[in-house]
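Input: one structure, supplied below.
Naming follows writing order (A, B, C and D), and every chain is counted from residue 1.
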Amino acid sequence: MNKVVNSAEEAIKGIESGMTLMLGGFGLCGIPENCIEALTKTDISGLTCISNNAGVDDFGLGLLLQKKQIKKMISSYVGENKEFERQMLSGELDVELIPQGTLAERCRATGAGIPAFFTPAGYGTEVAEGKETREFNGKMYVMEHAFDAPFAIVKAWKGDTEGNLIFKATARNFNPLMAMAGKITIAEVEELVPAGELDPNAIHTPGIFVQRIFQGEKFEKRIEQRTTRQA
Amino acid sequence: MALDKNGIAKRIAKELKDGYYVNLGIGIPTLVANHVPEGMTVEFQSENGVLGMGPFPVEGEEDADLINAGKQTITVKDGASFFDSAMSFAMIRGQHVQLTVLGAMEVSENGDIANWKIPGKMVKGMGGAMDLVASAENIIVAMTHTNKAGESKLLKSCSLPLTGVGCVKKIVTDLAVLEVSPDGGFILLEVAPGVTVEEVKSKTEGKLIVPDNVSEVAL
Amino acid sequence: MALDKNGIAKRIAKELKDGYYVNLGIGIPTLVANHVPEGMTVEFQSENGVLGMGPFPVEGEEDADLINAGKQTITVKDGASFFDSAMSFAMIRGQHVQLTVLGAMEVSENGDIANWKIPGKMVKGMGGAMDLVASAENIIVAMTHTNKAGESKLLKSCSLPLTGVGCVKKIVTDLAVLEVSPDGGFILLEVAPGVTVEEVKSKTEGKLIVPDNVSEVAL
Amino acid sequence: MNKVVNSAEEAIKGIESGMTLMLGGFGLCGIPENCIEALTKTDISGLTCISNNAGVDDFGLGLLLQKKQIKKMISSYVGENKEFERQMLSGELDVELIPQGTLAERCRATGAGIPAFFTPAGYGTEVAEGKETREFNGKMYVMEHAFDAPFAIVKAWKGDTEGNLIFKATARNFNPLMAMAGKITIAEVEELVPAGELDPNAIHTPGIFVQRIFQGEKFEKRIEQRTTRQA
């Protein structure tokens, strides 16, 4: 059983117009750059993307928005993105906003075989409209469901040929959760090593969750808000 | 004289306790980190997956893989840890983060908060705010007392779509420090230097409860 | 000649597919690991938190911190990983583990399974069995066709407290290989060498469906 | 804020008769040996212990059973333990059996502020009796709740003065989940190091979940089923 594919192009095989994709990353941190670029080179469209953010105009998911390949975004914060704003206001793009913790927990639940759970987030707000609410120990909670995503695309720092992944610093974010959730999970990594080189005790995502893996050709790793102090 | 942004942050820093784990929202709340009292250890959590944030990096040491929830480049202190978003919100929902400081557009006299959406304007999303306000036992709002049009942001009930209900415990504005009464109403605890109780009263639309002695904010 | 324990394990091993992640229960199921076909890669998961189990350690290399769910000392192969119990059962409930092999006291013709409790006897607990049977898409039961008293373990309905309902897909016994029909009933697929269809019929209390041709178990 | 305590005796301060404790470990692997021993030296009794197993006659929780300090066990498998069996059959000891995955998920939910969730485990069995069940996508699920435990006691391999923990191999098991769940979590570690010595990327349990930590005096780490192959 070989999980290693040769390129981003090969990794995204099977993704079709109209599908729902999960994409890891927080802002531009830890996003699967190579697979996103490969998707822009296809004529796949009508995608529903579950991703905490929507990239910026000329990077990340912004690139797919530019090419009008996305019909719906499911995110917690869509940030600064002119083309996104234009498409949303014109009604070309559908947007579903979800509290960030609920988004994370729903991704985990999807991968963990938990169809629904209760969270306090959004109770009493429009996020809870139409949803079941319930009191536990004197506090009100909203019932939230798992997602259903045929593909998840994640980005890791190191990976091995068994699909085991290690993320770096805050580039971890949603990646391990989405890796659990995809029926087919694609991992692009900065460094791909043979099985046995990674410490089994330090694996963030066990290989069982990853179906395809490759070393990305290049990683720009753009910084969104470069903030420094005086030395 | 009303408090400036740093004054508000400095006043909020007085609410910190040794050993607290704290989540600071974007804007004024971020400044609280600059005013941790001497000799006190406070750990800052950012909901994108880091505990133990340090100062911003010096130029040339920025790491694209190391940011806070405001997407700013950061550093970490000894004893820091990284984790995924589900773990991060487990800390928040599970009330392991002891204090949340965040901004608001409106707060109501029963502790409702609105800070994510203005109908008719571009909506960017709630990010982690709904999880934070619904979870934290101890929420302090840092904001100006009135909006740019001079209208009170401390209301009988919020006019904007809510972020959370009955969750705000304390509010520190440029004019005053107030507590939300469990029975409803803003209890005036302190006024900024030179600010009168009358001024706070006139700029508070919601029910203002004025105790016998209202002290002056000491920084 | 009825299959012995190793024969049952060997027959079940023929159900393995390259790349499968497999959870093996205690007893006969454990033996399946010894019969993985040449050239095939199969990873074994143990629900206490390990993926990529290797053979038992040689004497002197046992590690108290490295055990399987049967509490036996184990080793791991290259590419293994360790994780906590919640992650382990996320793999199981989330159907990332593709095949579960476990023993049973009784199986009913609609796929119910009983393997954890005998009323009146000391109950040790279900361990991970209820999670495994409720979650796996592909469950194979390895057991003897009859109990020590000679009574059928393939029943119309289980007499013992259930571990899971309608979940068993295939059963490999010392006498036969059977499939649970979606409409109810045990479909006889194969008989052990020298075992007659009549013998299987006489030892199966539940509805037995005998197709036109029933092949002999080939190992 | 100093989380470091000097001994197991100091670590268990505040634990009182009648309380509910969570204790990490699977079988005898990864159990908090030092705290268990310290508890045997107290006259604390009537404890409810949430622990996957119940130790053996002369080790682990078996030691507390011998001294009749436990009134109820909440476990998935109670194993081979004569004194346990005697107390249970005589009615001295109350036992609640929970599917192992449900136990793990309930521990996590406790720490994660999730009051309830749905799992397929136990549907149609006596485990689901009296519980709410519901269909999601054609499959039946049982609603399970979070626990409420004032104290959790876990055992880790390495820990630092901030309370960050790293577990070794399968000694991880329930420990990180129970660490999340305790209102006060006590961690005993084989090696206690200053903050900064552990890689922030390799922490299993972030320090926020740990209130008290100490280096255990000794770790016997007994093996329950020593199984070997021919060299």
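Please note the rule applied: a contact is a pair of C-beta atoms (placed from the backbone, for glycine too) under 8 Å apart; a residue touches a chain by one contact, two chains touch by 3 or more.
Quick caveat, the model's predicted, so the values are computed rather than measured.
Engineer: Suppose chain centres are the mean of their C-alpha atoms. Which chain sits farthest from chain C?
Structural biologist: B
Engineer: A-B or B-D: which has the larger count of contacting C-beta pairs?
Structural biologist: A-B
Engineer: Need the CA-centroid distance for the pair chain B / chain C, whole Å please.
Structural biologist: About 55 Å separates the centre of chain B from that of chain C.
Engineer: Find the geometric centre of each of chain A and chain B from their Cα atoms only, then give the gap between the two centres in Å, rounded to an integer.
Structural biologist: Averaging C-alpha atoms per chain gives centres 29 Å apart.
Engineer: Take the average of all CA coordinates in chain A, do the same for chain C, and state the distance between these two points in whole angstrom.
Structural biologist: Here the centre of chain C sits 36 Å away from the centre of chain A.
Engineer: Identify all positions of chain A at which a residue touches two or more other chains, and write them in rising order.
Structural biologist: Residue numbers touching two or more other chains: 105, 108, 112-114, 119-120, 167-169, 200-201.
Engineer: Where in chain B do residues touch two or more other chains at once?
Structural biologist: Residue numbers touching two or more other chains: 76, 82-83, 86, 89, 92-93, 135.
Engineer: Name the touching chain pairs, please: which are they?
Structural biologist: Taking the chains two at a time, the touching pairs are A-B, A-C, A-D, B-D, C-D.
Engineer: Help me check something: in the complex, which residues belonging to chain B touch chain A?
Structural biologist: 46-50, 55-59, 61-74, 76, 82-86, 88-89, 92-93, 112, 122-131, 134-135, 161-166
Engineer: Which part of chain C faces chain A closely enough to touch in the complex?
Structural biologist: Within the complex, chain C contacts chain A at residues 18-19, 21, 41, 43, 45, 51-52, 76-83, 86-87, 89-97, 135.
Engineer: Spell out the part of chain D that touches chain B in their complex, as residue ranges.
Structural biologist: Going by the criterion above, the answer is residues 1, 108, 110-114, 160-162, 164, 180, 194-196, 200-201, 203, 206-209.
Engineer: Mind listing the chain A positions that touch chain D in their complex?
Structural biologist: Within the complex, chain A touches chain D at residues 105, 109, 112-120, 134, 136-137, 139, 141, 145, 166-169, 200-202.
Engineer: Which bits of chain A are touching chain B when the two form their complex?
Structural biologist: Checking each residue of chain A against chain B gives 26-30, 52, 75-79, 85, 88-89, 97, 99-105, 107-108, 119-127, 157, 167-177, 204, 221-231.
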